[in-house]
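After this come two complexes, each holding chain A, first together with chain B and then together with chain C.
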Partner chain A sequence: MGYTTLLDILGAFFIAGILLLSLRQIGNNTVINLQYYTKDYTMQRDLAQLIAQIERDFKRIGYTTNSELITSTADAITQASDTCITIVGDFDDSGTVQSVKYYVGSVSELSSTHNPNDRILYRQVGASAAQKINYNVTYFHLDYYDSFDKAITTPVATSSTGSIATIQIYVRLQSPDTYATSIDNDSAKYTDLYWRQMRVTAKNLKNR
Partner chain B sequence: MFGRAALLLVMGMSALFLVYTSNMISTANKTVDFYTQYYQYTVAENMGISAANIACNAIYTSVVNKTTVWTAGFDIPFFFDQTFTSSKNRVVATVTQRGTDTLILLCTAYYGDSVRCLKIRLHASQYSKYGAFYNKSTGATFATGDTLDGPTHFNDYLYTTGSPVFLGKVSTLYGLKASGSPAAPKFLGGFESGINISLTIDVSSIATDASGGYTFSGTASNPYIAVDLTLNSNGTVTYKTKTANSSSKLTSASYGTATTVALSTLAPNGVVLIKGGNVTMRGTLKGQATVAALANGLGSGFGNVYIDDDVVYNTDPRIDATSTDMLGIVAENSTTLTYNNSRGDVTIMGSIMSQNTGLVVDSYDSYSKAYNMNIYGGVIAPNVNATATYNSSGIAIRGYRYSQKYDNRFLNYSPPKFPLTNTYEVLSWVSYCPVCNY
Partner chain C sequence: MTLIAMMLLTMVTTRVNTQISDIDSISTSSKYALAAISLAESKIEYASNLAYDEKTVGAVVNTTSSLTPVASLGIDSGENAYVDTTFDDFDDYNGFKDTVKNMMSTVYYISCTVNYVDPLVNSSIPGKTAATSPTWSKCLNIMVTGKNMKDTIRMSVVNSYWKFR
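Right, the complex of A and B next:
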């Protein structure tokens, strides 16, 4: 009887120990997964919003209901490099044209984050203060092609921006902090998203 | 006791884990939702673009003699051979006419929960918007050193050698044939092929338009007419006419008395038509006018515009951008710079359209030296004609060196009643969500 009770107790401790260890592991994994999914969710949402903004702006390059305001394709893209572009159009359909400049800041602006490569993507309308539209950009790249689908060397000379027919856009986002892939965090990773728009064609570039 | 506690612990942790898992699945699903929404948005956008292309094609192919145009629109399920025929998978196109020359095409596409709207503004295209328009390009190959300004169109291939520069947009029917080393023409305003715009003057349309202007024409007994027209810088025009019953008699006949009258009085809408004859012109234009010469069935000896000296604006738009002076020259046959060896350089301002023969320099090889022919505007012609004789080094030695600069005002404005092409062009194209207006 006494032995049986002792064995019961020891067995219970043993089983409870195993269960506690398992539950601890499950708990840790749950936290890791939750971290991953939460970061992924946030990043996906940010990327979707960013892309919606970029696509909307790029598709309105050269758009105006008053043809006198933009008379040539060169007036619609005034600056074009691989990491910076200034486009012109009636982006808010107000009857006036504005310039919108997209560019990325330097990595030093986000030196407080763990990620050494993240930058701020700016969107500047006219001469107003630039808006910080995303903080997680690690790669923002633009390629330009002419009407014959031939790549145009960047930076595109101001006198040649009128030859731009299509634009290929690359955006890569990474989380500012890592998520752990194991409890000891020895192989931490950044949530990583990549989006590439094949050949944005601004319809209004063909009108002039 | 401990076994029971362990079980409770397991059950408790399992419950917590279930909550976590539920959250994770929910989060993962929401992540996919972003892609789904983006996919639906993209499909709706592409459906709208397809509908717009179908509708634009219907508009382009429906235009007959610049009068009838397709405005029926459509409302169709998009996936014809599938079961997606609900109201959530369809495209609707409507066409609204604004004024006489503008169409608003509205294409709305529904896909899933997404709806995208494309608003396209089309305008009857005018020849005057072109800096250079040629039906054929067999008369010329543009080479290194050549610079063409303004929109340029060829109803043919565009032939280039080396690296000519095209400042405006270039469109062609068949595409580009580039040669030389490097074969690298520079299209600073872009390039588009597959564009077919016939070079045809709508004679009846001009005659109708001239009803609000002034028509010079012969009589039943003397159907041949020649007009001598001087544009005066004070807004008047001085003209003389002569008529005859044959072409040869017209040449030997003398002009009648000169009459000077305000352009706005002579031709209130600015259209001066010479029907069944030729006009010889020069001078300084104050105001807007289109001078048109039609053969009226009398053959290639008529329907010509002869220019014997400078034709310029009173206010040069290159100096004063507010200038409203604007000239159109329309010839059913040719626009000819008459031979005059003592004239020297000549400047012609305006959009010059010559349907059958194009812009001609008369007897260019008979000049003792080479002068400059400065055209500020556009040239619309069936082919490129030689204007000078060149030596082996490519230097003009006799005739007129051709120098053309585009008048940017022609992008948005045209001389009075200048001929329309038989097609529409897209002026603006925008897509948005009709619900949130984004």
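Right, the complex of A and C next:
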């Protein structure tokens, strides 16, 4: 075996080593990316569904075919704080009005997750059991404004809910668990999504 | 052989990196698009709650000729073109531009146009065909772009004038 052949074999081993190491790294990165994008996709889908639900309800604040059932904005919003709201309307077009309450639970309810800030968002119709509509909410905040766009201090007194003209809704979702930014460095990162929307409350009441 | 192996390695690595980068770009872009949609919908919501026309703010209009002429759609006296909370009617949003800096660590640019539309003309595409004279319907077109967004979010809403008697 000549010197050149030996050099060729050594070179081939060296290249094969680099190739194998690269393939290993590619495999690791693919797993990390797959994990991240799956979480990200799931959360984007969850946020879209959550917002569709919130929009559906908030559009119907004060809606009823019998105007005597809800006569003012005060009847349409019976409770308003920065993390909780109870709205009233004929949400299922049944001819009767129901109340729908949105509120977030305590962080201790999801203490089993890595994320210390995630909470459950609840939707409660009337006196029935509250539904858990999202498990990844880290921020659910409501701001209220009067017809002059002046912020109303929260919690809004029951006697003052009639002055609410617009509601600004903030929703932030984060994944319950972290994803590794690299295979050797499991630094804490959460997939993160944000939604902010202004909704007018008095539309159904104004059109009378 | 060594050179071919190196070329193969380079090609595989480049291909994988490109794919990961593309997926990352799509995912990030869709996150920003979600936030952009929320901004556009907020503008639609706010605009839809305003009076149909400057002439209908405190009065009832019976003929389209009494409405604001096409060329005059936009802000009226006493309104600030950059502050939509000073607007009092739907077409004040014509030419409105806004910049939102405090969302998702990026900057969003919102621009709006309003034009009269005839619901009976090209009704399958609301707002696509602007009417040349005042009608009972106006279309608000909103475009939202962002520094980290690949696509422009475009949303439209038609607002019509009606009154119970």
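Convention: the second predicted complex is superposed on the first by the 192 of 208 C-alpha atoms of A that agree within 3 Å, B and C clash if a C-alpha of one lies under 4 Å from a C-alpha of the other, contacts with A are read in each partner's own complex, and residues count from 1 in each chain.
The criterion applied here is as follows: a residue touches a chain if its C-beta (ideal position, glycine included) is under 8 Å from a C-beta of that chain, and two chains touch if they have at least 3 such contacts.
All values reported here derive from a predicted model rather than from experimental measurement.
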item	value
Room on chain A for both chain B and chain C (clash or fit)	clash
Partner chain in contact with A:56 - chain B first, chain C second, else both or neither	first
Chain B versus chain C as contact partner of A:158, first or second or both or neither	neither
Touching partner for A:149 - first (chain B), second (chain C), both, neither	second
First, second, both or neither for A:166, with chain B first and chain C second	second
Which superposed partner A:96 touches (first chain B, second chain C, both, neither)	neither
Touched partner set for A:44, first chain B, second chain C, both or neither	both
Chain B versus chain C as contact partner of A:16, first or second or both or neither	both
Dominant contact partner of chain A by residue count, chain C or chain B	B
Contacts of A:68 with chain B and chain C, given as first, second, both or neither	first
When the two complexes are fitted on chain A, the stretch of chain B hitting chain C, from 45-53, 261-269 or 315-323	45-53
Intersection of chain A interface sets (partners chain B, chain C)	8, 11-12, 15-16, 19, 23, 26, 30, 33, 37, 40-41, 44, 47-48, 51, 203, 206, 208
Complex contact set, residues of chain A against chain C	8, 11-12, 15-16, 18-19, 22-23, 26, 29-30, 33, 37, 40-41, 44, 47-48, 51, 55, 149, 166, 193-200, 202-203, 206, 208
Interfacial residue positions of chain B with respect to chain A in the complex	1-3, 5-6, 9-10, 13, 17, 20-21, 23-24, 27-28, 30-31, 34-35, 37-38, 41, 121, 151, 168-169, 176, 186-192, 408, 411-412, 425-432, 437-438
Touching residues (chain side chain A, partner chain B) in the complex	8-9, 11-13, 15-16, 19-20, 23, 26-27, 30, 33-34, 37-38, 40-41, 44-45, 47-48, 51-52, 56, 59-60, 63-65, 67-68, 71-74, 93, 146-148, 159-160, 162-165, 203-208
Contacting residues of chain C [partner chain A, same complex]	1-2, 5-6, 8-9, 12-13, 16, 20, 23-24, 27, 30-31, 34-35, 38-39, 41-42, 45-46, 48-49, 85, 103-104, 164
